[in-house]
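Both complexes below contain chain A, partnered by chain B and then by chain C.
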Partner chain A sequence: MNAAATPLLELRDVSTSFRVGGFFTPRLLKATQEVSFTLDRGEIVGVVGESGSGKSTIARLISRLVPTTGGAMLLDGDDVLVSEPRRASLAYRRRVQMIFQDPFGSLNPVHTVAHHIERPLLLHGKATKENARSAALELLDDVGLRPAEDFIDQHPHSLSGGQRQRVAIARALAPEPDIILADEPTSMLDVSIRMDVLRLLDDLRHKRGLAILFITHDLAAAKHLADRIVVMYAGRMMEEAPADQLVKEPAHPYSQLLMAAVPRRGGSLHDPLPADPGTPPLVDPRPGCPFAARCRQTVAACTTTTPPVIQLGPGHRVACHLHTARTQ
Partner chain B sequence: MPEPLLRVENLDVAYLAADGPVRATSKVSFTLEDGEILGLVGESGSGKSTVAKAAMRVLGQPAVITGGSVRFRGREVLRMSDAELRQWRWRDVSMVMQSALNAMNPVMTVLDHVLDTLAAHGITGAAAKKRAGELLDLVEIDRHHLRSYPHELSGGMRQRVVLGIALALTPPLVFMDEPTTALDVVVERQIMRKLVALQAELGFAVLFITHDVSLLLEFATRIGVMYSGRLVEVAPTQLFRDGARHPYSKGLLGAIPRIDSDEAPVSIPGSPPSLKNPPPGCRFHPRCADALDVCETREPPLVQIGADHWAACHVLEVA
Partner chain C sequence: MSRGRSEGRRWLDALLGNRKSMVGLAIVGAFVLMSLVGPSLVQDASAFVATPHQPPSAAHWFGTTGQGQDVFAQTVVGARLTLAVGFTCGFLVIGIGSVIGATAGYVGGRVDEGLSLLTNVFLVLPGLPLMVVVAAWLPAGPGTLLAVLTLTGWAWNARVLRAQTLSLRGKDFVAAAQVSGDGPLRIVMAEILPNMLSLMVSSFIGATVYAIGAQVGLEFLGLGDIGAVTWGTNLYWASNDSALLTGAWWTFVPTGACIALVGFGLTLINFAIDEIANPALQSETIWRKQLSVTPPPGAATPVEVGLA
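Then we have the complex of A and B:
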């Protein structure tokens, strides 16, 4: 196999469902269905969608916090769902790290910053008891908490939200991962400092060649940070395109709706929305495209068959019958 | 000169903490005219919600109003008795909060909520039931949801119901505290469109509190910016969008990633100050690139810098 052509991480038709409903009325909530995309070194892929779209589930699947019910997940070409079927190995967990939305909840209030960062260093053999502190100081410096000596012995409560999120990033960097899964990393932070944290992630991918999956509901942030954007709806991938292209020429009617809903300077609330209101069906979805009930451009196939993901152009894929028909 | 609908003057609110009072807002002054939408924008801890809660006199312990005045059509709200407040609230001014789920009682149906509100103002029986149906029509929720419980509605529907309840007595003023923050962008847009349409139709004034200045730019009549308990700039929306003058306002506008621009957003250096140990002088000076010596020692007052344009900044005074 050609090493250069093997992506760092590849998801192939990854699905998962959760059991919901009562004891006598069990039902399946299909949280993600047949999601496929790749993530490479030094690349930031944005995953956008509304609540319930499955975007956070994707991060949980990759971090293997939730089990998959189908598909393949290849790290350096090796399907980890086959080689490590029950749970992820320590080696896998070292390579795939996560940053959560809430820096107030993700740090333990009784422990110092030093504890949070030294623990993964020791656990993954990246430092010894003797040099863990100096390694932790270096990491704090890398995430912009300078001088690091002023921060290392603090407890989370004495830090601001932005500083806490930087500690969480330093902790994620400690095991020297290849992939960072960032689930809404700035949505709980003050508006005036959000870009700093995003810029830090951008620096880290350049300096360390990290691959970052940036999960967000903020399309404008995804446009500025991500190289490519994946649009999710009702657990399915609707579209994937280079960030600029997705923003300027969204091909899927749902992507068009998302773009139209983002505030613009000079825009107005009187501008009409290009789709009907509604919420995505997650439990017992009907056949066809999950967006069909809200879409104003439907064709007959939309309510009978799930649209296949087709290639529209370089790096541009869409799951929509309008385009299936056009390309045939 | 006729009194404006709402006049807030030098409003001071303090949180009485064990180690001394914390000033949540300081000398906040603004007016709101009939039919106007004033957007108050600020980050967490800026005091924007405190202003609305104080003006409606719904602040909870340990927050207390320590000074200033709030006048509704010339009448002093801060001196109203409890009985007067009960009549004034909802008939003259209502409120929509961020989380409709918390604003609604989980064991009451939508109809119960509306009837409860109307009964408090003497509307009962068939008239109240009729009004309940009208209100759901108003916010475009099917009438069969009168029998629904809050958990049976989606977040967007709950927020519409709460909006309907706020308009139950057609008050001339509605306070809205981050009413769409918990919602997805598409749902947010639908609610905002409904709100703006209703506002145009019914003509009520709105004090709209949010951290999202991009949203305000699309519908507010005027925008006020709060920072660390102070109102630092107030201007009509278009003027604000094209010519905000306060360094914090400019920083805020530049810090937000925009979908319609390739210009890279830039964060404001530092982070918002703690209210417990605020910096002396202008509270923004440690983060301000234009700060003068005077900014470190003397707090700038909110002064008029143009037609209907107010700002609190020493740099602008000098210029």
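Then we have the complex of A and C:
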């Protein structure tokens, strides 16, 4: 890959805070802090981390469902937080689509499958009123709902979880996007059909050259599907590396803990990890590395200063004082 | 297009298949029909036609009033204004309530704070004294009644619909519509409101029942246009002509029975809507119907349909 080329999507130190607490005691919950990574055409980037580490927040801020409180977000080199600060343009919406975790909540119970798919087709000029139905049928066929005629007039409640998730994927594909943000797309599905949905996403990436941000707590799935993996902890990026490298030689103590704790196949971060004193506070976070309280290899700096993100090798970055010390 | 209609048709089918709603619709329908065509079929309700306070007879089925008018004609003619004001008020209340409630619930922030404050002010204002004062202050007539009833009735609906909007706004399908590029107005109209349809219809019916009752009450107190013939003024005149003292029960029983029947019919429809919207309340017949529907290919089991 040409390193000088502008990435399709680049996040630079993006942060998001939520206002929490009462009217008189407003406080900020720092859901993500200074997250940076890139996403390119035809690439799948996995984001892994425990519950509350800010994975969904990353998907929601890229899809502009939640506002960012700092940083830059570049689509084809253009900072959309500057060019369209208040709300995303229709052009941005067309290019960036999202698949939600819960296929039972992401489809409107009062509308048919046809409505869900025809609406974005019409909205983004991908079909006319006359051919919207046939275009929708084609999309349903693409996502493996066959024969599409049997599904298009159904309401969501008469479909299974896997079928609903396929409808949600078809909806996301309708505007012919460049990027799909998939927030734990299989975690609510039966184990038996997870693999099918993952295979579908992989197919789409190859056939359509889609860039996919694949958020998951299933390390095995991330390793299987993703080219690169970003490890999140308490709203901060701990490590980013090519998938194989992260699994074989994790550099960050947190990544090492993840890899060691998770069995080789089908491991999940929802299983408790050893030495877990709970997620560190996101409101008024302690200074230093958020992982320090759980880390067995702390140095003095860990509880005083936030470790900078440093480059370990090609495509391998880590935020840890152990490595900061070594490279300096 | 076809999707809105199919949702409407599902509801219509369910309503037509429910015994309560059928009885309620029949009662209310009969009265609406009566109010539309009745007045042109009966004799002049305000005219002096016979000796005052005559009990029911072949010539005057419901007897005559203390003013010598035909009670049957008055009962039939009275339905028109009373029902017109009642249903119009129902529409206004639900219209204002949904616009304010949905806006506050969806937009949130300062807009919500402002609209919620307004709603709460109207909620804590004592309704009955306010109605009496405003009705006495404005010139008597149906327009005044409509204004007074709407003014005192909208806030409760706005509050209920705001709460419902707020809970629907957090659903992923709303976020999905945003990601698709839909604007706020479209999301409220096409994604959120259809999910509150049963609530809106039952609120409309509730508001109509309230409007009919309160309107009759105000007119009974003499705060309506006592020259007009409505169910409320019928009762006002009955009381004014000492119907109770003279034992002229026929001057108020027919009107009273009509009011009670309309209220009963509307309430039955509301019960039916509750049953249809909330499967846990559904009576056996509807269950049997739902279960006998052949599931589409690859559909989930009926158990899941019930839970969804």
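Convention: the second predicted complex is superposed on the first by the 309 of 328 C-alpha atoms of A that agree within 3 Å, B and C clash if a C-alpha of one lies under 4 Å from a C-alpha of the other, contacts with A are read in each partner's own complex, and residues count from 1 in each chain.
In the analysis below, a residue touches a chain if its C-beta (ideal position, glycine included) is under 8 Å from a C-beta of that chain, and two chains touch if they have at least 3 such contacts.
Note that the structure is predicted; figures quoted are calculated from it, not measured.
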Contacts of A:63 with chain B and chain C, given as first, second, both or neither: second
Contacts of A:124 with chain B and chain C, given as first, second, both or neither: second
Chain B versus chain C as contact partner of A:199, first or second or both or neither: first
First, second, both or neither for A:25, with chain B first and chain C second: neither
Partner chain(s) touched by A:98 [first = chain B, second = chain C, both, neither]: second
First (chain B), second (chain C), both or neither touched by A:90: second
Chain A residues contacted in one complex by chain B, in the other by chain C: 160, 163
Chain B-facing residues of chain A, complex: 50-51, 160-163, 190-196, 199, 217-221, 223-224, 247, 257-265, 267-270, 273, 275, 277, 279
List of chain A residues in touch with chain C within their complex: 60, 63, 65, 90, 93-94, 96-98, 100-102, 104-112, 114-115, 119-120, 123-124, 150-151, 154, 156-160, 163, 168, 171, 175
Residue numbers on chain C that touch chain A, as the complex places them: 3, 6-7, 171-173, 175-182, 191, 194-195, 197, 295-300, 304-305, 308
Chain B residues within the chain A interface of the complex: 43-44, 154, 156, 184-190, 192-193, 196, 211-215, 217-219, 241, 251-252, 255-261, 264-268, 271-272
